[in-house]
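Right after this note come the structures.
Both of the next two complexes hold chain A, though its partner changes from chain B to chain C.
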Partner chain A sequence: MTSPHPHLGIRDLLQTIMPPRLCALCHDARAILKRPKTGQQICKECFFWVFETEVHNTITEAKLFKPGDRVAIGASGGKDSTVLAHVMKTLNDRYEYGLELFLLSIDEGITGYRDDSLETVKRNQQQYDMPLKILSYDELYGWTMDAIVSQIGKKNNCTFCGVFRRQALDRGAASLHVDHIVTGHNADDIAETVLMNIMRGDIARLGRCTLICTQGEDTIKRSKPFKYAYEKEIVMYAYFKKLDYFSTECIYSPDAYRGHARAFLKDLEAARPSAIIDIIHSGEMFEVKEEVKATQKSQKTCKRCGYMSSNELCKACTLLEGLERGMAAAAVTERARKKLDAEGPAPESLRTIPFFQQSRGPHPSVALERPT
Partner chain B sequence: MSAQISVKVEFGGGLELLFDNQRSHRVSVPVRVAATPAEKKSLKDDTGAAEGEGRQADVAYLILWLRDNLLKERAELFVENGTVRPGILVLVNDTDWELEGEGDYQLKDGDEIVFISTLHGG
Partner chain C sequence: MSCGNPAVEGDALMPRRKKYDKTKFCVKCKEAQGSIVIRHAVYCKDCFSPLITHKFRRGLEPSVNQKADGPRRTALKPDGNLLVGFSGGLGSTVLLDLVHRCYVSMDQSTMPSDGGKNHPRHEKVWNRVTVCYVEISGAFPAMRDRTPDVEQYVATYEGLDFVSLRLQDAFDPNWWNAVHASSDDQRFAADMTSEELRLSKLASTSTSTPLQSLHSYLASLPTATAVPTAIETLVRVLLLHTALQTDSSHLVLGTSLTSLAVSLISGVSQGRGYNLKEEMQEEWMPDAEVANLRSEQEQTSHDTKERRSARDGRRKGYVRVVRPLRDVGRKECALWARWRDVTIIGKEPWPWSGAKQGIGALTREFITGLEKDYPSTVSTIVRTCTKVEPKGESAGLCALCARPMQEGLQEWKSRISIRSRDASHDTPPSASASLTPHLCYACHITLTSRSSRPAPSLGLTPPALSDVPLPVWVGSGMPRSAKLSEQQMKEVVQDFLLEDT
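Then we have the complex of A and B:
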C-alpha cells in the first residue's frame, strides 16, 4: 500500500489535522502544560488557579497561620523564593489571611553570586511592596563566605554555609519579631532530602524533613508551603507570570552529594512523575521506635551565644571557633575536634554571635528597608 | 544550499551560561535531516539530506544541533542520552513540549523554542 503523500509521515499528517488539545479543567482554552502530578493537560489560567489553590489548601489544612501573624519569607532571589513571595502575597490578599509579610535575605558574602541575587530581592521588594531585611554573615559571624573559602578551601565550605544560613535566618527573624519563617523548599527538595537522610541513616532528620512546620529558635516556626509543589510547576509558574528571578550556580563547589541525589530523583521522575510525591510519602511513613528516640540528644542552649543546641556549643559557635583558631576542620570531624580541645580552652577574645531577643513588641529591633 | 528553517531559541534558568551568557538566539537548521541523528555522536555530516530522504527537522535534531553549534561549555549539563538532561524544561511556542510530542515535534519556520533549567538553586 502506498501513502497518498509519499514524503509525509503519520506524524506530519497528525500535526496538520489534529485540533489543539483543550484544557482538561475548563474545556475551553488551549492546554499549555502537562501537570507532572496528575498528567492532566491544562491551560494557563487554570494552571495559575490550581497551583495557587493547592498551596492555599496546604496552608489551611496544616493551619500554618493565624490572623495577625508576622511572617518572613526567606528570600534568596532564586525561583522558589521568588514564586513563594508572589504566591504568599496573592493568597494573603485573596483569602484575607491577615498576615504581615516581610522579605528576609541572608547575604553570605559571595562576590559575583549573592551580591547579584540580592539585587533581584531588592527588585522583588519593590514589585511586591514588602519590607526587606538583609542580614549578612559578616555582621553576624565576622566572616564572609569569600573569607571562609580563602582560609579553608572549597572542600566542606557548604557545611559552614548551611549551618550559618540556618542560624542567620532564625536570628534575622527574631530581629524582625516575626512569628514564622516560610521557605521555598519544594516537593523535589524534600524528596531529595528524604533520599539523603535514608542513605546516611539519619533517623532524626528523616523524621523532621517531611514535616511541613517545625519549631525553630525562640518559638519561631518554620514552614514549607511548597511542600507538595513540583519544581516543574514552580518554574513554569515563574515563566508564564514572567517573574523576575536569579539563577546561577553558587561559585563555590556545589553540594556534590545533593547533586547526585538530585540527578537520581530527576531520572526517577522522568520514568514516573509520581516518584517525587511517593518518596515524600515514604519519608512520612517511617516511624521511629521510642527506644531509638530515647538515644537522641535533648535540646539545650549554647553556652556561648544562647542559640538552641544539642551540645554545649552550638554548631555555628563550634565552626566559628575552629575558623578563629585556624583549625576549621574542628566542627567537621570528631578527630579534629579532640585536637582542638587538646590545644586548650577557647581564648577569651572569641566572638559571640549577636543574639536578638524575640519580643512581642510591635516594632522590629532593626532598621528595615522600606519599599520606596 | 538546501532549504532552511529559521527558529528562535531562548535559554533560561541558568542554561544561558552554557551559551555564551546569551538568552536569545536566532538559528537556521536544514528542513530535512538524516533519519536517525540521535544515534550519532555528532551532526557534522548530517546537514541537508536531499529532498525526499531522511526526516523533517524536529526538536530532537535541534537539541543536538545546539549542542554542536551554539553550546560553549559543559555539554553534559545540556544533553544526556541524546536528549535534554532530565530537569530541563522545554516549551514549543509557549506550550510544554510534553503536549507537542517532545523531540518528535517538527520545526516550522518562525517557531520559538525555550529551554529552562530547573537545576539551579532556588
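Then we have the complex of A and C:
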C-alpha cells in the first residue's frame, strides 16, 4: 500500500491530519491560547485586542470619563493594578480619552510584602511615565498594618485593612485633585463580593457591588474598568506583555468566611467558566426594593474626620479609636462597640485622622514624585 | 487585588454557631425540657408540632386568596384547586402530610387555637387536592421507575387525587394536546452547537418518540451543570401545565428553607438573578393567556368584562406557585417526619457520574457545609433575596422556562465577551430563525455555555439528529411576531421590493 504523500516527514504528515488550529477570531494566525472567558482558541494579538476592547467597551458604555479628567490609578504593584495602568495608558492613547493619569499607592506598612511591591510601583512610574503619590497608613492613621496585627492578631485584619485603604485612597486622590479613582477589581472579585453580600445579608453593599462606578456625596468617583475581566486573563495579559508586577499574595490571609466564598467560586468556575460573568449578570439584574432602601441609614459625615459615614463616627475612626484604647473589636461587633461607649467618651489626647477636606483647586497641594 | 481581600469595606464577620444546652426549658411552654434547637431557640416535643403547622400556614395562607389578604380573619377562598408537587423527597413528603392534615383530614391538632370552632380557618379551603408526581427515570437508563410506589404511597392518604407524568411528556404532542384542548402550535428543533441556536420546524412526520426526543435533548447539553438544571425546568413547567389542567390556582412545592437557600445561590451562580422572585413565589400565566389579556386590554374596558366572562366561564388561567415550607429548615422537616411517623420513600439517587459535578450540586454541598459552622447562613440568604427585585421591565416570558426575561441580553453579552472580530457576525439572525432571542439569560447559558470538562455521558443513545427537538411548549412560547405570515412578511419588506415582484 502506498502512502498518499510518500515524501512527507512525520511532522508534515501530522500537519495534514491535524492542521495547526487557527485563531477563532482572525482565522489567520495560529491559536496559542484558550480564552478562559469564552473557551475560544485564539492568537496572541487577538487576545490583546479582545481584552483591551472589552475594557474599552466597559468604559464607553458606562461613560466613565470625559476629556480633561484627572484619573488616579490605585496601584499596589500587583498584577491587577499593573495591568490596569498599562491598559489605561494604552486606551487613553489609542482612543484619545484625553485623561491625565496618575498612580496612587497606599503603603499599609506590611514588611516583606508592601515594601517590596512599592518598588514595583516605582518602576511602573518610570515605565508608564505617570506621576506617583504614595500615602501610608502610618502617616494617616499612625498605625502600620504590622502594628495593628501585633495588637489584634490575624483575625479580622482584612476588615481593618479594607476600611483604612478605602479612606486612604480617597484622601490620596483628594490631595492629587483627581476626579476619579480607578481600581483593579476584576470580575472574580466582583462575583465573590456578590455571593458574600447575599450570604451575609449586606443589602446596602449588594445594591452597589455590581455598579461599575460609585460616588459618595462628597467623594471622588471610583470605578472598576476590569469589572468584566477574568483574573486568569489579567494574569495572561501580564504574562504575554511581560509586564513587571509583584506576584506575592498578602501575607495576612483573608477572613475565613471570605475564604470559603472564594474557594466556592473557584469550584463554580471549574464546573462552568461562565459562572463568574453569570454571577455578575445576576447581580446586575436585581436591585434593592424601594421600601427597603427607605429604611437604610442615610449618608452622613463623620463628626471626627469629615469622611462619609453612616454613623456619627466613620468606620476608620471607630477602628482607630478601638486600636488606640486597646479595644480593637469595637468596630467589628455591636457588643464591643457598646462596651467602648460605656467606658466613656474618647480621651482628648486620642490620636485621630486629619480632617478630610476635598479641595477642588487646579493645582495639587502635595508634592508629587515626578518620574525622573 | 493583591491584598487578597479586594472588596472588604466593613465587617466581614458572620456569627458562628453558639452552644446551646438542650436541657434548657422550652421557650414556648417554659415547662417541658427542650428537645430541639431551632435558630437559637429551644423547643420541647409538644410545642414543636404547632410551631411547624404555624410556619406552614403562614407560608401558604396569605397567598391563598387571589387578592393579597387584608385582615387575618378573612375566609380563605382560593380561585381554584390545589396541586401538590411531589417528588418522594423529605420536603415534599412533609408538605404532603401537612396539606393533608390541615386541609383534607382537618386534623384538629393543626388548627389555630385562637378564634374557636367558628374560626374561618376551620372550614374546608380547597375543593380538590391533587398530587402530581413527575417520573424522571426516562433520563437515566439505569434508574428504576417508581411511579407505582409513589402512587401506592399517596393512596395511603385519603381524599387526594393523583396524577403521574413522565419527563418525556415534555416532548409528547399528545400530552400537550390533552392539556391544551386545541393546539395548532408548531413544534421546533434547534441546532444546539451554535450560540444562536438556529431554529428549524420539526417535521410533523418526525418518527422519534417522546423518549427519544428527551434523550436527544439531554445528550445535547454541554455541561454537568446543564443536565440537572434542564431536568428541573422540565419538571417545573410540566407541573405548571398540570396545574392548569386540574383547574388549580395554586401549586405548592416542598422547598425547605435550606433547599430554598441552595436554589437561590445556585440560581445566582447560573445567571438567574432576574428570577430570584420566582424562585421564592411565582405568579405564572401561560403565554396564550398573556396574549389574550393583551388583546383584551386593547379593547374597551366595557367590552373586556363581558368577553372575559363569556370565555366558557373558566377562571383566568394563572397559577400561583407557593413554597409553604420556605421557613422550615431541613432538620425541622426531618424531625416532623420522625415524630409524626411519616414514611419518606426518598428520591432515587441519579445513576450518573455527573450528578455531583454541576453547579447545583456544588452549591448544595457548600451551603450545607456552611450551615454547620454558621447556622444563620440559610435564613440570611433567603432574607436578603426577599429584599431585592428584578431591575427593569420584562420582555415577556422565556420560551423554555416560562419565567420573565429581561431585555437586551445579547447586546450585553457581545459587549462584555467579544466572540468575533467580524462586524457582520454581530448581527444576529432574525427572531424567527433563532431560539436565542426567546430565551432568558440562564436558559441560554444552560444550552450553550461550555466547559473544558464536558458533561459525563448519560449513557443514552439518541437517534442521530442534526437538530434537537425542543419541549412541546417552546412553540407556544414564541411571540406571534416570530411566526410571520406571508402577508406580514410582505408588509415588512415591501418598501424594499422592486415593482413586478
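In this text, the second predicted complex is superposed on the first by the 349 of 372 C-alpha atoms of A that agree within 3 Å, B and C clash if a C-alpha of one lies under 4 Å from a C-alpha of the other, contacts with A are read in each partner's own complex, and residues count from 1 in each chain.
Here is the rule we go by: a residue touches a chain if its C-beta (ideal position, glycine included) is under 8 Å from a C-beta of that chain, and two chains touch if they have at least 3 such contacts.
Values in this document were obtained by computation on a predicted structure and should not be read as measured data.
Peer 1: Quick one: classify A:41 as touching chain B (first), chain C (second), both or neither.
Peer 2: So A:41 only meets chain B here.
Peer 1: Contact-wise, after the overlay, does A:236 reach chain B, chain C, both or neither (first, second, both, neither)?
Peer 2: first
Peer 1: Could you look at A:93 and tell me whether it touches chain B, chain C, both or neither (first, second, both, neither)?
Peer 2: In the superposed model, A:93 contacts neither chain B nor chain C.
Peer 1: A:184 contacts which: chain B (first), chain C (second), both, neither?
Peer 2: After superposition on chain A, A:184 lies in contact with both partners, chain B and chain C.
Peer 1: Can A:21 be said to touch chain B (first), chain C (second), both, or neither?
Peer 2: The answer is first: A:21 touches chain B but not chain C.
Peer 1: In the superposed arrangement, does A:257 touch chain B (first), chain C (second), both or neither?
Peer 2: It touches chain C, and chain B stays clear.
Peer 1: Between chain B and chain C, pick out the one touching the greater number of residues of chain A.
Peer 2: Tallying touched residues of chain A, the top partner is C.
Peer 1: Contacts for A:61 in the overlay, against chain B (first) and chain C (second): which applies, first, second, both or neither?
Peer 2: In the superposition, A:61 touches chain C alone.
Peer 1: May I ask you to decide whether A:228 touches chain B, chain C, both, or neither, giving the answer as first, second, both or neither?
Peer 2: Second partner only, chain C.
Peer 1: Figure out whether A:159 sits in contact with chain B (first) or chain C (second), or with both, or with neither.
Peer 2: second
Peer 1: Do chain B and chain C touch any of the same residues on chain A, and if so, which?
Peer 2: The answer is residues 34, 76, 78-81, 184, 189, 248-250, 267, 270 of chain A.
Peer 1: In the complex formed with chain A, which residues of chain B make contact?
Peer 2: Answer in residue numbers: 12-14, 17, 51-52, 55-56, 85-87, 89, 91, 94-96, 98-99, 101, 104, 106, 114, 116-122.
Peer 1: Of all residues in chain C, which touch chain A in the complex?
Peer 2: Within the complex, chain C contacts chain A at residues 1-14, 223-225, 264-265, 267-274, 276, 357-359, 362-363, 366, 370, 374, 377, 380-381, 383-385, 387-391, 406, 412, 415-421, 441-442, 445, 449-453.
Peer 1: Touching residues of chain A toward chain C in the complex: what are they?
Peer 2: Residues in contact with chain C: 24-26, 34, 37-40, 46, 49-50, 53-54, 57-58, 61, 76-81, 108, 117, 156, 158-159, 161-163, 165-166, 183-185, 189-190, 192-203, 205-207, 209, 228, 246, 248-250, 252-255, 257-258, 260, 264, 267-268, 270-275, 277-279, 281-289, 292, 315, 331-333.
Peer 1: With touch defined as at the start, can you tell me which chain A residues reach chain B in the complex?
Peer 2: These residues of chain A touch chain B: 6-7, 9, 11-12, 15, 21, 30-34, 41, 76, 78-81, 184, 186, 188-189, 231-232, 234-236, 239-240, 247-250, 262-263, 266-267, 269-270.
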